[in-house]
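Two complexes follow with subunit A in common, the first pairing it with subunit B and the second with subunit C.
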Partner chain A sequence: MKKIIFYLFFVIMAATLPYYAGGYLLHVSTTILIFMSLSLSWDMMLRTGQLSFGNAGFFGLGAYASLISVSNLDIHPVLSLFFAAVFAAGVALVVGFAVLRLRKIYFAITTLALALVFEVIVMNLSDLTGGSSGRVLPQAIFGGNSVLIYWLILFITIIVILISELLNKSKTHYAINSIRNDEITARSSGINVFKYLVFVFVFTSAIQGIIGGVYTQQYAFVMPESTFSLDFLLLPIAMALVGGIYTTMGPILGAIFLGLISEYLKLIMPYGHLFIYGLIIVIVILFLPEGIYKVARKKYRNRKSQEVKLDASSEGK
Partner chain B sequence: MLEVNNLNVFYDKIQVIWELAMQVNKKEAVGIFGPNGSGKSTLIKAILGLVDSVEGEVLFRGQDLTKKKTYNIMRQGISLVPQNRELFPDMTVKENLKLGSAFISEARQSTDETLDFIYHIFPVLKKREEQLAGTLSGGQQRMLTVGRGLMAKPQLLILDEPSVGLQPSLVIELFQKLKEIKEKDVSILLAEQNVRQGLKIIDRGYVLENGRIVLEESAEDLLENEHIQKSYLGI
Partner chain C sequence: MKINQKKTSWLFAILFFIVIIVGIWDASALIYGLQRGSLYALIALPLAMVLGIMDILNLAHGELLTVGLYASYVLFINFSIDPLISTLPVFIFLVILGGIIYFLTIKKVLGEGHLPQLLLTFGISIMLIELIKIYWTTRPRNVYRAYASSSITIGNFRIGSYEFLYVFLAFAVFLLLKLFLKKTRLGQAVYAVGQNPRGAEIVGINVDLVYLFIFCLSSGILGLTAGVMLPRVSIFPLTGNPFSLISFALVAMAGMGSINGILLAGITLGIAEAVIQAIPGYGGWSDLVFFGVLIAVIMAKNIQEA
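For the complex of A and B:
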């Protein structure tokens, strides 16, 4: 109950942000939420033991699917997000049947290659995608109303967070955890390993697709170079690692921490901030390899158990 | 119940099991003995569909298993206790146990009862139910793998060298538990190097050497057998 009130407090704080924060902070928060969702989606795939570098690829596919569906098919921008999710999921389903037979480094490299392949395809379909110079939408989503955009992204992020929590609670949690630990034992516990891998790959790709769509609708612009940018691959990974992998809180904290730091650094030193930013990531991973969240949780639990011990010993007297 | 006929198993081009035939009857405990590399684990993997090139017939309750996927085979009523305590170290003892029945639809409904039954056989697991499996001692981990295997409510429990890496007193304790399990009408297929202890719980045994069965006898006859005494019991 305490926990629910605690979470509710944060949700309300986040939802009412436009009322007390300025335009700049709102924009920073929007960006952080986008990366938070990407980071969570990457982490969910990692929980199955598969290191995917395909996020940027599906993000890009979603971005283009959303833009094309709005400008060529003339559907509502919000609906186009569903289209982006379905399109990314569909591609992930087809590709997944081949790629998910690979493991470890082979899987990682192939997914990285996929992202590059998507980019090349997009560049060459210039009638539809505008080729390498990109394409512009006549208007951003909600007419560019940044408050509504923020709420939309917050809504999607909350759903992603709930999915991530669900994944750590339900029967799927057993399947995913055991596949990561030992695939043969997972199979001999009656788990259809391939089915679960495809399932997770498809829905994490759908999340990446929908976020790609939102991003495009926010800026009303796509370009292969920026849409398939490594930023959408590496930053979410860094956030999950810094925050703590295999958890929901980890990527959330990582995204907020790195998101705020990168903005702050940009302000105090317009040149060279990326250097410091990289340094911070390296330092955190070197000294807190389990991530901020797990270290904090351990500290908290230790203190709690010490308190319990103290109570017990004082009762003894 | 389990019937293996004319089984040949290959790793690439190398044949590891040659024209093997064996069976496990209902309520029977059968042992497979043999030295390292004789093919015990491979035989188990072949039964469970964990190796690719298998020729021959593996029948379980009349159904051919060779064409089935592992996760489907496990749903037919076979359960495996793997070698090397393959547990999920960052899950609790209880979660590890529950995982054993979570994906077997017939066993899932009676998860709580089976859990009680397992806690009854292995009281130590009940005591450590909320502890992470990785923090258990070697012997406790082995008991947990056996427990997890039982969670699937198998008709046939396959154990791959449960005695490996355990101190002698724990081996005796573990085999005592296996005897209790057998009395609950679970058929057992036990692959072991520890013939002395193995013979105490089985009804019938096969001796596997270089991928071929060289001997099939009842437990009493095996104990008397000269070859067994010389090579396995050191008498």
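For the complex of A and C:
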């Protein structure tokens, strides 16, 4: 009960942000939420034990699908997000049937190639996508109203957080964990490994597609170079790693932490600020493989158990 | 690292088939493909060595090549050392850089599973790209050398003659490496470690030293390649990036641990790309050939195993 009130408090704080925060903070929060969803979606795939580098690819696909459906088919921008999700999910389903038969480095490197492959396809279908110069929408979603955009992204992020939490609490999570820990054992206990992998791959790609769509609708343009940029691959990974993988809380904390740092870094070093993210990934892998959330939780629990011990010993006297 | 002759035989067959068809249709694509493919093979070889012996897929592979290119570029601009001469200092520089990277990072994730290894090398690759961006920005840079743009005319088409250096260098490096592996004590130790690191350690081989040596050598070969490549490419921070993927595609084609196969796979891919490029209006799709090949090969192998 205490927890629910705690979470509700945060949701209300986040939802009412536009009333007490300035335009700049609102913009920063919007960006943080976008990366938070991406980070969670990457982490959800990782929970199955498969390291995917495909985020940037599906993000870009969603972005293009959303923009093209708005300007060519003239559908409502919010509706186009669903289109983006369905499109990304559809492509993920087709691609997944091939790449999800692969494991470890094979899977990782094939998904790493996806962003490049999608980018080349987009560049070559220039009639539809505008080629290398990209395309522009006449206006951003909700006429560019930043408060409404913020609420839309917040809404999507909360749903993503709920999905992630559901995935960690429901029966599915046993299947997913067992696939990660020992696939052969999982298979021999009757888990349809391939089915679960396709399922997770498709819906995480759908999330990435939606986020790509929102991002495009917010800025009202797509361009191969910036839409398939390394940022959308690197930052979510760094965020999840810093916060702690295999948890919901980890990517959330990581996104807030790194998102705030990122704004500061952009100000002091406009060129090459991603260097810090590479460094963060390397440092976390080498020295802090569990991420800050798990380490902090352990410290907290240790202290608590020590306190209990102290109490017990003082009572004994 | 096992050198398996059987695995490469089907590659030979495919290559032979393609060569005949293409040779009849467009001979210049054949020569262009041979040149380009040798370069691919030369770049893929170090990746295959690290993957085959250390069991680490180095995602920073392409970035080490980029660093080599920029090092060679700096030597040319500041000290006007010809790129071909600078191959030696760049080779030494990259050997040292490889050693530093190995000691600071790679050494600590050996045998820890693919997840930390991939993420670590991914992080390193980003760091290298961004460092280059900070110093040289994203502006493309070129080094002009008159000898590099020479060409020869055969019949009614012209082909670059400088690129035959790639072919020569690729065959030279492959031969030297094979000689080294067969004839020297260290080479035999590398073999042993590649086959069974624990067993090698038990019989008294310094496995750590072998790993260090392999990582430094593979990084050094990239430096060598960079100097030779420089006069013909325009360099920017992401120049080397696609080469990690292409190199992996070649390794997958050749089969893990096959050295012979890589040269063949490289040339096959090079010719396939040249053919797609030669089709009018569809040249832009040639960048996808390696991915198609990668998927096809992996699928084929999967079916075989199942």
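Here is the rule we use: the second predicted complex is superposed on the first by the 293 of 317 C-alpha atoms of A that agree within 3 Å, B and C clash if a C-alpha of one lies under 4 Å from a C-alpha of the other, contacts with A are read in each partner's own complex, and residues count from 1 in each chain.
In this section, contacts are C-beta pairs under 8 Å (C-beta built on N, C-alpha and C of every residue); 3 or more make two chains touch, one makes a residue touch a chain.
What you are looking at is a predicted structure, and each value in this text was computed from that prediction instead of being measured.
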Touching partner for A:Gly278 - first (subunit B), second (subunit C), both, neither: second
Contacts of A:Tyr174 with subunit B and subunit C, given as first, second, both or neither: first
Subunit C versus subunit B, contacts on subunit A by residue: C
Partner chain(s) touched by A:Leu148 [first = subunit B, second = subunit C, both, neither]: neither
Which of subunit B and subunit C A:Leu116 touches, first, second, both or neither: second
Contacts of A:Leu8 with subunit B and subunit C, given as first, second, both or neither: neither
First (subunit B), second (subunit C), both or neither touched by A:Leu166: neither
Interfacial residue positions of subunit A with respect to subunit C in the complex: 51, 53, 98-99, 101-102, 104-106, 108-110, 112-113, 116-117, 120-121, 123-124, 230, 234, 237, 241, 269, 271-275, 277-282, 285-286, 289
Subunit A partner contacts - residues on subunit B that touch it in the complex: 48, 50, 69-71, 74-75, 80, 82, 86-91, 95, 98-100, 102-104, 148, 152
Residues on subunit C engaged by subunit A in the complex (per definition of touch): 57, 59, 105, 108-109, 114-116, 118-120, 122-131, 133-134, 137, 242, 245, 248, 252, 284-285, 287-288, 291, 294-295, 298-299, 302
Of all residues in subunit A, those that touch subunit B in their complex: 171, 174-175, 177-178, 181-182, 184-185, 187-193
